[in-house]
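Letters A, B, C, D, E and F name the chains as they come in the text, with residue numbers starting at 1 for each one.
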Amino acid sequence: MTAGFTGADLANLINEAAIAATRRNGLEVSFADFLAAIERIVAGIEKKSRVLSEDERRRVAYHEMGHALVAAALPGVDPVQKMSIIPRGIGALGYTMQRPTEERFLLTVQELKSRIAVLMGGRASERLIFDGNVSTGAADDLQRATEIAIEMVTKYGMDTTVGQRTYAPKPQAFLSAAQDTVVVAAEATGREIDLAVRKLIEEGDTCARQILERRRTELDAGVEVLIANETVTAEEFSPLRNATAPNAQAA
Amino acid sequence: MTAGFTGADLANLINEAAIAATRRNGLEVSFADFLAAIERIVAGIEKKSRVLSEDERRRVAYHEMGHALVAAALPGVDPVQKMSIIPRGIGALGYTMQRPTEERFLLTVQELKSRIAVLMGGRASERLIFDGNVSTGAADDLQRATEIAIEMVTKYGMDTTVGQRTYAPKPQAFLSAAQDTVVVAAEATGREIDLAVRKLIEEGDTCARQILERRRTELDAGVEVLIANETVTAEEFSPLRNATAPNAQAA
Amino acid sequence: MTAGFTGADLANLINEAAIAATRRNGLEVSFADFLAAIERIVAGIEKKSRVLSEDERRRVAYHEMGHALVAAALPGVDPVQKMSIIPRGIGALGYTMQRPTEERFLLTVQELKSRIAVLMGGRASERLIFDGNVSTGAADDLQRATEIAIEMVTKYGMDTTVGQRTYAPKPQAFLSAAQDTVVVAAEATGREIDLAVRKLIEEGDTCARQILERRRTELDAGVEVLIANETVTAEEFSPLRNATAPNAQAA
Amino acid sequence: MTAGFTGADLANLINEAAIAATRRNGLEVSFADFLAAIERIVAGIEKKSRVLSEDERRRVAYHEMGHALVAAALPGVDPVQKMSIIPRGIGALGYTMQRPTEERFLLTVQELKSRIAVLMGGRASERLIFDGNVSTGAADDLQRATEIAIEMVTKYGMDTTVGQRTYAPKPQAFLSAAQDTVVVAAEATGREIDLAVRKLIEEGDTCARQILERRRTELDAGVEVLIANETVTAEEFSPLRNATAPNAQAA
Amino acid sequence: MTAGFTGADLANLINEAAIAATRRNGLEVSFADFLAAIERIVAGIEKKSRVLSEDERRRVAYHEMGHALVAAALPGVDPVQKMSIIPRGIGALGYTMQRPTEERFLLTVQELKSRIAVLMGGRASERLIFDGNVSTGAADDLQRATEIAIEMVTKYGMDTTVGQRTYAPKPQAFLSAAQDTVVVAAEATGREIDLAVRKLIEEGDTCARQILERRRTELDAGVEVLIANETVTAEEFSPLRNATAPNAQAA
Amino acid sequence: MTAGFTGADLANLINEAAIAATRRNGLEVSFADFLAAIERIVAGIEKKSRVLSEDERRRVAYHEMGHALVAAALPGVDPVQKMSIIPRGIGALGYTMQRPTEERFLLTVQELKSRIAVLMGGRASERLIFDGNVSTGAADDLQRATEIAIEMVTKYGMDTTVGQRTYAPKPQAFLSAAQDTVVVAAEATGREIDLAVRKLIEEGDTCARQILERRRTELDAGVEVLIANETVTAEEFSPLRNATAPNAQAA
């Protein structure tokens, strides 16, 4: 359910790896410390006590495999490294970990659209498999896709109708933090922004759906593996490997 | 008038059960302590002094039996355990207690729609029996159904028109608490959200109405039992048992 | 100008009656203490110094008799006990006291509509008698009727167009108190709410008007008695007695 | 430019009269103290240093005489007692003092409309005489007429379209005082309120205009007297006396 | 770029003149002290270090001469006394000083319209001369013209469509000062206000433009004098003298 | 990515140059100190550790060369002095430094439009070269172009439809800083403002695009030089020299 690290995430990651090394009294930060730190950051501390029903595990598996296969199918997306359906942290029922192939300073329209498609992959998979009876499990994906789409439209000027200008965020309530995706514009312009955001997300959803319909066989096969093993890596399940990824053969 | 516990409710429940055990100087938390705690949480402390008129008791009975029979008719809804028309706490004139069959981590569109239908069951029953002359007793049901519908539309992306995006809640007034169901959107989009919420609640109401019309005989019979005995359990009145519930035969 | 007591009012009433008894060094709370407390609460402390003009007294009398005759004509409305046109407290030029026949826990659509009609009775009487030249004296009635109508529409889901959902009140300004009838909705929805509220009040006004036109003779007669005596009870003027009231013959 | 005292004004008046008596070491409050207090309150402390141009004095005289003749022509309006074009206080270039004939507890639609007409009389006179080239001198009149009209529409339910309901004032900004004429309503309803207010003021203006056109001779004559003498009383200039006033011959 | 003093300005002026006298150890406030004070207040302290390009000086000269010739052409406008294109203070690149001929207590529609026309004269001159390629130098003029127009429409009731009512200013943000020209009205009414303000400013601009086209020869001649001498008085350049001004020959 | 210094920038510049001189224990501020200060201010402290991919460097080069060639093609724009694609500071991946030819006190419509065109030159170049697949790198350019366009429309009255008036900025949230480009207007007027801003930016973009299409050969050639050398001056690459610039041969 994640689509890459920011620079701040990477800094945090190194710090977490050092903590993990210290905790095990290690002399140096091992690759295992590094992986544990990644998992800790991406999906929270493992919660072994949480027991999902069989139906829920199946749904989570399809959701995560949806993210992963969309990520594997799109050019310029960071390759999938590992997937898990062991519940972790608050609200994380499973996760898909992508390996950032290089530090990025610029993102293009196409790359941002691919990120939205990967985020919509989980829900698209649920819709495909469960005949439209989607679940609440995609809330975080939808929020992140919405944030990307709002920034594309109001900060990066990437919608033709709305135009190449920026929109100031609304004044934030005193001591409030999370409102930075709400913009100020005339009502008619605000409606254009809403429709542009909606269109970007619909396109991402359609893109994800088409990929998953084409790769239905791999989707079903991957879910079986994931349910059986609880975790899967790109090395264990080849359809997760992205032939178009920048350095898919690295690491 | 309730439709299941959250995790926090369950934690609270255990705490209350322990208090009940302490209060009676019990050596351990008995099943009776547990049941008392459930009742205390669900419907407040019993208020023996409150005397409803016969008309009001009849209306409350139809309202609660409406919730219960809708709950019993829908697949995937927690089974009804016990009903009461003994007034408790502030404003609770009766209640219907459902037993959560398992901890839930995900809820599907269908399950959320069923929850709305169960919440609308009380008012639908009143409308059916009292020829449209509904009462103020459904205010809490309507508020909870509204909250579920707003979240379905603005947080879980479950309305086709509004689309699979999230909407930021409005900045909250300083020191204010209860505003988290108000969203920010362009006016035309806000209207779409309002109409989507309205449609979800109307569908739940229609669903409840149809169930109660089909089960009118059980509705009338159940109300007579409830008025006579003040409390009814699923064991005492078989129509409360849900053949489709996940583990209807358990406990 | 009042339409019944709430539970809190009754608690306050008992307290006031005790104070009245203490003030006269009475050994126990007499029925006279009780009546004085009711008058004190309903209409404030008597102000003998305030002198209305003859025109104003006549208008106040028609206003109060309008409330009373509408109350007496509608089923399920608390019966009128006593009326007065002796000015009391701040702003109260007269009052109509209804006796609550029983504690109420639920109110139906019909009962709420009747309450609005009783509240509109004062203005409807003024309009009928003074050829449309109404006065500022109905301001409190209109505010209370508005509050009831807004709650019917936005809290109790009693308007078909607006639907069976609730609307969150607007965030309240810091330290502000009186804003709890202002709701948040999209503009088009807010307009529907405004029109629904308007319709409920118009219906109450029309209902009151029709009753007063039918009972014009009693209206004129009652006003003469009221002007002559300053106070009138249901025992002294029979049209105030409501044949349909739940226990009209009691007390 | 004033249209009567409120109760609070009267209390203030008595206080001011006592101060005036004390200031002159008088043994009791004389009628002269009383009159001085009225003038002080109505129009501020006399400012002899302020010198208006001839054009301005002429305009002020027509403005005040406009108020006065409209007041004298309408039934139920407090009679004019004294007029002055000696500038006083901050912003008051002249004033028209009406004598309240009796304490009022209720005001009818007709009386409120008459008050608006009297307030508009100053500007109507300017428009009539100066061929539409009105001045800034009517700002206070317009604000007071607006406040009356807004209350008629939103507090007293006196506009047919807007209906007999009240509208809550908008939440006031912290520590702010003067916003109590701003109401909350849906946009379409707010527009109805704006149009209703506009209509009430236009009607008052038309009413004032028609009176002044009919009494043009008295208007011109009165202005000559006022310019010559600086102050005029109803006893000195008979057209100021209102034959329809409640007790026009008293005092 | 200024159009007259307010009373407060005059009080400030006297104070500044006294300071100037003290600074030069003068025994009394001389006329030179007075003139220095006027210049100080109107245009800030002379800044000799600021060097404009030739193009900018030419533009500033046309801008100021535009103000001056419009002021000289309109009846009832204070006569121009002195002009300068020596930059002073923050942002003042030049100024036109008018001499108030008398203290004013009232301003008529025509006089307010003339003030707007004078304010628009600078920009109108730039547009005429530089073929529409106007500059940022008119920002203060536009703001002041806007303020006058907003007050005409919302405080003085001088627009026929908007009507003779006032509009409350919007609640001001805590500790904020400059918002007093923002009014509260329904959207449709707010749009009428915006259009009325726009029309008043367009009329002022058209008026200024027509005057300058008629007096193009004087405009060009005056600019040459101003560029050569840096300052010009009405005595030095006769077209600055207004034949229609109230007391154009005084002082 | 910058288009000139303000006066404050120049003051800051001198200060920075002095600091640079002090840091190297120089006896006086050398020209090298000055240049270092300019680079420090314009683009932040050099960050040698940041490594862009080849694709990103190419994109940055086209972006910066886009700014530079548009600047070189438009009359009245400050000439380009030096360009760099060495990443500096937070977020600056490259920059184009223009030399202000003279202190400016006034800016005309044409000059402001040229500034917008220069700001849009980076994105226009990306769109031209990468077939519409633009990047996030233009966010700062878009924000600055938006700010200029908003000021042209709402502060300098430079849009015909919106008119020659100013619009007050919205009240700023307490302790908030960045909201000064949000204006208050009726919705329909706000929409006009939004459309006017959009049009100004589209015109700037079209202007930039046309220049770059005409100068495609120089664009490609310049990018090769920039990629090879990392920095380029106007002396090294002649197309950067603007024949129309005020003093293009100076310095």
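Side notes on the structure shown:
Assume contacts are C-beta pairs under 8 Å (C-beta built on N, C-alpha and C of every residue); 3 or more make two chains touch, one makes a residue touch a chain.
All figures in this text were calculated on a predicted structure; none of them were measured in a lab.
Path length between subunit A and subunit E in the touching-chain graph (shortest route): 2. Following the contact convention of this document, no chain is adjacent to both subunit A and subunit D. Traced through touching neighbours, the fewest hops from subunit C to subunit F number 3.
Set against the C-alpha centre of subunit E, every other chain centre is closer than that of B.
Centroid to centroid, with C-alpha atoms defining each point, subunit B and subunit E lie 69 Å apart.
A straight line joining the Cα centres of subunit B and subunit C is 35 Å long. Inter-chain centre distance (subunit B to subunit D, centres taken as mean C-alpha positions): 60 Å. Shared interface positions of subunit B, i.e. residues touching 2 or more other chains, are given as 172-174, 187. Chain-to-chain contact here is organised cyclically: the chains close a single ring, every chain touching exactly two others.
Neighbouring chains touch in a ring; in the direction leading from subunit E to subunit F, they appear as E, F, A, B, C, D.
The residues of subunit C lying in touch with subunit B in their complex are 102-110, 112, 155-158, 163-166, 168, 171-174, 184-189.
Subunit D meets subunit E in the complex at residues 50-53, 56, 59-60, 87, 93, 120, 123, 130, 132-139, 142-143, 145-146, 149, 170, 172-176, 178-179, 181-182, 187, 190-191, 193-194, 197-198, 201-202, 205.
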